[in-house]
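Two complexes, one shared chain (chain A), two partners (chain B, chain C).
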Partner chain A sequence: MIVCVAVVGQQNNPLYIQSFTEAEDDLKLHHIVHCSLDVVDERVNNPKRSGSTLNETFLGLLYPTENYKVYGYLTNTKVKFILVTTDLDVRDADVRNFFRRFHSAYVDAVSNPFHVPGKKITSRTFAERVSNIVKSFRLSSSG
Partner chain B sequence: MGREVAESCIDSLLTEMVSSYCNHFYANKPELAARRIEAIGYQVGHQLSERYTMERPRFSDHLEAIKFICKDFWSELFKKQIDNLKTNHRGTFVLQDNRFRWLSRMSPEPSLENVDSQDPSENKAAQATSMHLYFPCGIIRGALSNLGIPCAVSADISNLPACEYI
Partner chain C sequence: MIGVGKIKQYTNVLEKPISKGKQEVSLSAFAFLFSELVQYNQTHVDNISELERRLEDAGYAVGARVLELLCHREKGNRRETRLLGILSFVHSTVWKVLFGKVADSLEKGTEHEDEYMISEKELLVNRFISIPKDMGTFNCGAFVAGIVRGVLDGAGFPAVVTAHFVPMEGQQRPRTTILIKFAEEVLQREARLG
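Coming up: the complex of A and B.
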């Protein structure tokens, strides 16, 4: 089950954080997202020599904590998408699919001429699209 | 979710934008008009580069990003690639387009018979055309800065309809 998605901008400023659980542990999720930024930077700056391509957008599983798994995705414009999930077995292809749809929703939100780059994304359409994507991910991975 | 518009709409929109900024908003201050147009181009380039880099793997260095601008970005915008790319390997790139789409419909003013006013009339034509170039300069600058490369872009038209961006 997806717990939280986040979009972090180029200077590591948060652009959009949305949690999908009923509990009020927003702060803990913020903290997890924040920590995962370090892992993203480390992956980008020290590429592993053993195989993984330097130029992939999808960074894969960043790190597992006690309950959660955190996936990362880095775009060409240094915008990072973070996904926190509690699922135990998540297929790689599902997560890639999720990020692809999320990226396309993000691009549409940013193309809004009233959106100031660098500020938070306040578009309701974006929030709706994201929650639709999250719902369909939940259905596809449990089905 | 893509809807399409006729290309002549874009041409008219750009022409109108330049003329309204030059003649209407900043009537006697062409530098301010130029900066405003370039800033609009900057934001557009920013957003377009987000959209067009979606499916691609990340770039490893500046040269890759410039090549992306020359090939994919330019062909998305103008349906053709940059014809010539030169560099001095020290941070300066010259992008040359031999038939720049947005200028292809502009004719240089025929020179007047009066020999004295030859120079000013050429200057005016060149100045009017150069106003139209601030927008594409802004687009390029916006796209490059979104890819992490701060830069300055200027345009040069020595022979219409070719156009060079530096």
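Coming up: the complex of A and C.
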């Protein structure tokens, strides 16, 4: 089950953070997202295998903590998407699919001429689309 | 009875299904919008360089969004890290999506290491514009220069981009060249990547 999604900008400034649990540990999730940014930077600057993975956008599993798994995705403009989930057996293809749809929603939100790049994303349509994507991910992975 | 044996006629125009529409915008609509943009900015500034800067800023916003959109839609989510890669991306993909054709040529500058030029026989935005003599070297292609700067900046290649007229012998209208001058750190990074 997805507990948190986040969009982080180029200078590691948060653009959109949304958690999907009823419990009140939002701060802990934000902290996990913040720690995973270091892992993203490390992956980007020191590629393990230079060449094929140098330009890949999907970064994969960043690191597993005690009961969460964190996935990362990097767009062409150094904007990072972070996904925190509690599922133990989530498939790679599902996560890629999720990030593809999330990227689509993000591109639509940024194309808004009233959106200032670098500021938080305040579009309600974007928030609705994200919650729809999260809901359908929940249904598809539990089936 | 009405309608039997004939194609279904919609009595109400609101019931017609919405057509998907063409993916293109009419040239005259764009030319009109662009001329209004230039005129609006002209009434708000005092000198030519300010006007050029405003057009470039307008283009910068477009470029940043075009980069996000194209990387998601066309390039299959691959990131460009090399200089030649991003230049050929601008030269072919961006130009094709914005203007319907690839740019005429991409050249490397001879005097300096960090200069590249994209040239075009006639920029689409300049097609219906003629610059009055008292405006000197002003070029409305500053809008396109702003778009290129927005794309390069978003991808992590800071650069100074300007538009110039280059007179060609044998042709009445001069050719337009977009001059791209990359920042120092871009060249250093490129040298480090080998």
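Just so we're on the same page, the second predicted complex is superposed on the first by the 140 of 143 C-alpha atoms of A that agree within 3 Å, B and C clash if a C-alpha of one lies under 4 Å from a C-alpha of the other, contacts with A are read in each partner's own complex, and residues count from 1 in each chain.
Assume a residue touches a chain if its C-beta (ideal position, glycine included) is under 8 Å from a C-beta of that chain, and two chains touch if they have at least 3 such contacts.
Computed from a predicted structure; not experimentally measured.
J.: Clash or fit: how do chain B and chain C relate after the overlay on chain A?
T.: Clash.
J.: Let me test your reading of the model: by the given contact rule, A:T75 touches which partner, first (chain B), second (chain C), both or neither?
T.: It touches chain B and chain C both.
J.: Pick one for A:F20: touches chain B only (first), chain C only (second), both, or neither.
T.: In the superposition, A:F20 touches no partner, neither chain B nor chain C.
J.: After superposition on the shared chain, which partner residues are touched by A:S111: those of chain B (first), chain C (second), both, or neither?
T.: Both partners, chain B and chain C.
J.: A:H103 contacts which: chain B (first), chain C (second), both, neither?
T.: In the superposition, A:H103 touches chain B and chain C alike.
J.: Please write out, lowest number first, the residues of chain A touched by both chain B and chain C across the two complexes.
T.: The overlap between the chain B and chain C interfaces on chain A comprises residues 54-57, 74-78, 103-104, 106-107, 110-111, 113, 117.
J.: Along chain B, where are the residues that touch chain A in the complex?
T.: Going through chain B, the ones touching chain A are 1, 43, 46-47, 49-51, 53-54, 56-60, 146-148.
J.: Show me the residue ranges of chain A that touch chain B in the complex, using the header's touch definition.
T.: Within the complex, chain A touches chain B at residues 10, 53-57, 74-79, 103-104, 106-108, 110-111, 113, 117.
J.: Could you list, by residue number, the parts of chain C that touch chain A in their complex?
T.: 61, 64-65, 67-69, 71-73, 75, 77-81, 154-156
J.: Where on chain A does chain C make contact in their complex?
T.: 54-58, 74-78, 100, 103-104, 106-107, 110-111, 113, 117
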